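Shared chain: subunit A. Partners: subunit B in the first complex, subunit C in the second.
Moving on to the complex of A and B:
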């Protein structure tokens, strides 16, 4: 009996104090993904990587906006979004207290402006993304001329880029000789 | 007269009013939450989940988390239940059993949707045989997201369901500001070199810890300080007793040295 009591006192209390005291959570616990919209360039890498499609993007060309959204109710906390994010805009926090009474509270949204194509003036990509890539080009391009060409290319929508490429190739004036028939 | 009782036989005579309208149930639910003076009995309905949620529910009633100290008790029959815990993405086969369990529980009942699958179908949301969420078949009071929710998240969810704790999440919409711009990280380090460093760090320590180590290394590399890079790395707080991180940092230094040698030649 005494031995048992001694053992009980030696062991102490195993139960955590959790709802009354904060729970110790490890630093690399995969909790709620925290999105920093100011650091986000709306490149959609996370929406492609997200296995359950909890992260989604919707483009509204009439309003000229692109809306990033996450549904914590669908998130499986795999951290693929964190892995692919080029600007560290999303990172899994240690916050696990996500229970809600209304489903709408499980969503987060961020609205980004779309940049307009410099050729056709149609919205085609997030303005922040275009600006970020142009900054990268300035840092990595081998020459000033090449940087200007690449900057222009990034600011053009894919359809106009194709049309421009066709015009460029036509201007090259390949003298293509028909193959000799046998 | 037929031996089979008709519905008329069960119809209440005058003086008895029905109390199962939605308004009645809402007021009863409010009274249950307000005056609950006893244990909250939980019945767990598996609507076709992977059993990860079940394992976490049972982890929540073990002595470490001990949900029973709040009187939360898992019972074996929906007829005893105050709280119905729906796990799983509601498959075609489990839809009817789930609805039957819901109907079998006495009013007022609190319905909790548990796990990513219960909240919205989770990773199975677009499967052909999946309804995608508990709220497609029964009205849900509390959603506990997670894949699976940890025992602590489960206890928090129960506390929200019983009105003991308030919810923390709120729907938010951020609208891009006028001059919002993302700056390139570590402008002092050449971009291609930064890519090499991050790639090597991720190769050795994974994307999360590798990313953290690369960030630390790039910060040390991009800012001036006294002493050589190795000395500054060794002096950095928290690394004195961390030979593995120091080893990775040394290798990252090797990447920089190799890149500089390649640029010089």
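Moving on to the complex of A and C:
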């Protein structure tokens, strides 16, 4: 009994003032993911990595848009998105106070424009993503000619690329021998 | 790099089995150095399991069912045994049940520990255990369609929920008492945690004559989700959520199972970090249980004090992982966060504080006048019952059995630290509580040792390839005992099968024997002493069979009675 009393006096006041005073969290705490649409290139790496499907991508070819969205109600704060994002567009903050009064407020969206294929003019990938890759090419290609060729290739949709490859191969009259090349 | 080594632990067990049952063994294969799967003839399955269990010091870890019809035209049954005698390792007895003749001889009459596993296989795969005395469902609700077996590959989409067709509970609770008894149902619905359960106590006056219970009211279908919707690398994060207390233990067990199956060599530093975090988890879990033990004996000040100090272990987790509870630190192949200088210093500081403060609290608890009286000799788990049912963790150690996965089958970084097994001989609530106290201080020392000798190097390897249809076990010693996962990869970056067995699953079957012979007011205390995922009991309905009357008592009242032991609500 005496020990108990001593312990109680030693402890003093243990209750924290929260929510009337802010609550301290550790500096590497994983809280609400914050998305920066300026940085984002709509590459969908986070969408693929997110285990509970909190991040989604919806493509509307008629409108020529791709919509990135996050549902904080599904998020498990694992930071996989942060880990895979090539442009640091999504980062986990230390914010943990996520209560809202309507469920819709748990969703955030960002709408991106789709680029059109150089050959067929159909929308096929986010314009920013194409621009991002072209930018990388400019910095790494061995020659100006090669850079131009690669830029064109990136700006072409997969279907047209395939068609063009077939045409190129036919023009070269290249005798393929699948058994040996395998 | 996927590695296969040539060490073959378990060869003596195999040789002994072949000698004892000359024509039973059809095939054998090692998944890792210490994991051997022996395929036996279906009709000799019970003899093979029983031989390894009782003659070779095997303990049953889990029974796994697997729908392999697309792969080889049969269902697979895997009885996983933890071999704890001279040669330690895991031996899995496998038998194939051909499609079209979906039954197998039950092992339960020879090895009682198999009872839950076989009931679950019957529910989930529709394989009939011939000779299994218990014909009741285990997992599926009473009104679930008779021929719908959720884990069969062709059965259903993971989102399907058949409409409920009736409210009647047709489940029969078993009462083995010879005399006339009164029934006290406890539960089910108080979903504060992940496993509500419904208890029925059969009492004579205040004495419990027998008890039965039913779980799985909120079965979440995690195995089905993992097998159908998720990639094998994402399941790590699902495993983190198997339990709200010891989720990290599951995450490690899962990643280990895949790493073992694919032969991935996890860097030593990652292993040490896993060990540190597993022990951090044990710290908070044991403090939680010690706090609740205070609460249940009516010592609420102690409860408050333990929970106050427990915050330090939560802070430790938050600092090291970025989250208080769901650590999300594992990836297949290693961990995602390193422990650097600053975190190391603070960890050591928090460990030091915890040692002093918990030391004081434990002394206080044990010197409190009525504590000894309430917990000594209560809820006895007979060592022989324990041997027959293979319970795990502080529960089985409190009954004198030296079972601790960390020591018997060192995983993660436990090979790097010095550790013994704490056992108690009292077999009662007190004994289990003292085992937890000792383990708490061991955990502090393990963290210190692991921080002291953390190997240098990378914390993650990505140098491996996913291979189809590989399977192996992964295991950890969670705060409540061994968690074991059996995973088999599919062919599309997914899992073909994931069997996840939480420690408490292995502990429920013996609870019945621990309740017998105690008084009603001790029931909550005994249930708490296995440290189940709490939640279980919401309210109490008292049924007096003799008078055919029914009276409902709120669970709070039952709990109050356990603490105060005055004004029996049964009067």
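Here, the second predicted complex is superposed on the first by the 164 of 182 C-alpha atoms of A that agree within 3 Å, B and C clash if a C-alpha of one lies under 4 Å from a C-alpha of the other, contacts with A are read in each partner's own complex, and residues count from 1 in each chain.
Keep this in mind: a residue touches a chain if its C-beta (ideal position, glycine included) is under 8 Å from a C-beta of that chain, and two chains touch if they have at least 3 such contacts.
Predicted, not measured: the structure shown is a model, and the values here were computed from it.
Peer 1: When the two structures are overlaid on chain A, which partner does A:26 contact: first (subunit B), second (subunit C), both, or neither?
Peer 2: After superposing on A, A:26 lies in contact with subunit C but is clear of subunit B.
Peer 1: Which partner does A:79 reach: the first (subunit B), the second (subunit C), both, or neither?
Peer 2: both
Peer 1: Using the superposition described at the top, determine whether subunit B or subunit C touches more residues of subunit A.
Peer 2: The partner with more contacted residues on subunit A is B.
Peer 1: Please work out whether A:51 is in contact with subunit B alone, subunit C alone, both, or neither, and reply first, second, both or neither.
Peer 2: Both partners.
Peer 1: For A:99, using the defined touch cut-off, is the partner it touches subunit B, subunit C, both, or neither? Pick first, second, both or neither.
Peer 2: A:99 sits against subunit B, while subunit C stays out of touch.
Peer 1: Give one of first, second, both or neither to describe whether A:8 is in contact with subunit B, with subunit C, with both, or with none.
Peer 2: second
Peer 1: Given the touch rule stated above, what does A:107 touch, subunit B (first), subunit C (second), both, or neither?
Peer 2: After superposing on A, A:107 lies in contact with subunit B but is clear of subunit C.
Peer 1: For A:142, is the partner it touches subunit B (first), subunit C (second), both, or none of the two (neither)?
Peer 2: neither
Peer 1: Based on the A-chain superposition described above, do subunit B and subunit C contact any of the same residues on subunit A, and if so which?
Peer 2: 14, 28, 51-52, 76-79, 83
Peer 1: State the interface residues of subunit A toward subunit B in the complex, per the touch definition above.
Peer 2: Counting only subunit A, the residues touching subunit B are 14-16, 18-19, 23, 28, 37-41, 51-53, 71-79, 82-83, 87-89, 95-101, 103-113, 127-128, 131-132, 135-136, 139-140.
Peer 1: Any idea which subunit B residues touch subunit A in the complex?
Peer 2: Within the complex, subunit B touches subunit A at residues 63-66, 69-70, 116, 119-123, 125-126, 135, 140-147, 149-150, 152-153, 155-157, 159-161, 164-165, 167-177, 180-185, 187, 190-192, 207-209, 211.
Peer 1: Once bound in the complex, which stretches of subunit A touch subunit C?
Peer 2: Touch residues, subunit A against subunit C: 1, 3-4, 7-8, 11, 14, 25-26, 28-30, 51-52, 76-80, 83, 92.
Peer 1: With touch defined as at the start, can you tell me which subunit C residues reach subunit A in the complex?
Peer 2: On the subunit C side, the touching residues are 230, 234, 237-238, 241, 301-302, 305, 308, 315, 318-319, 322-323, 326, 328, 336-337, 360-361, 363-364, 367-369.
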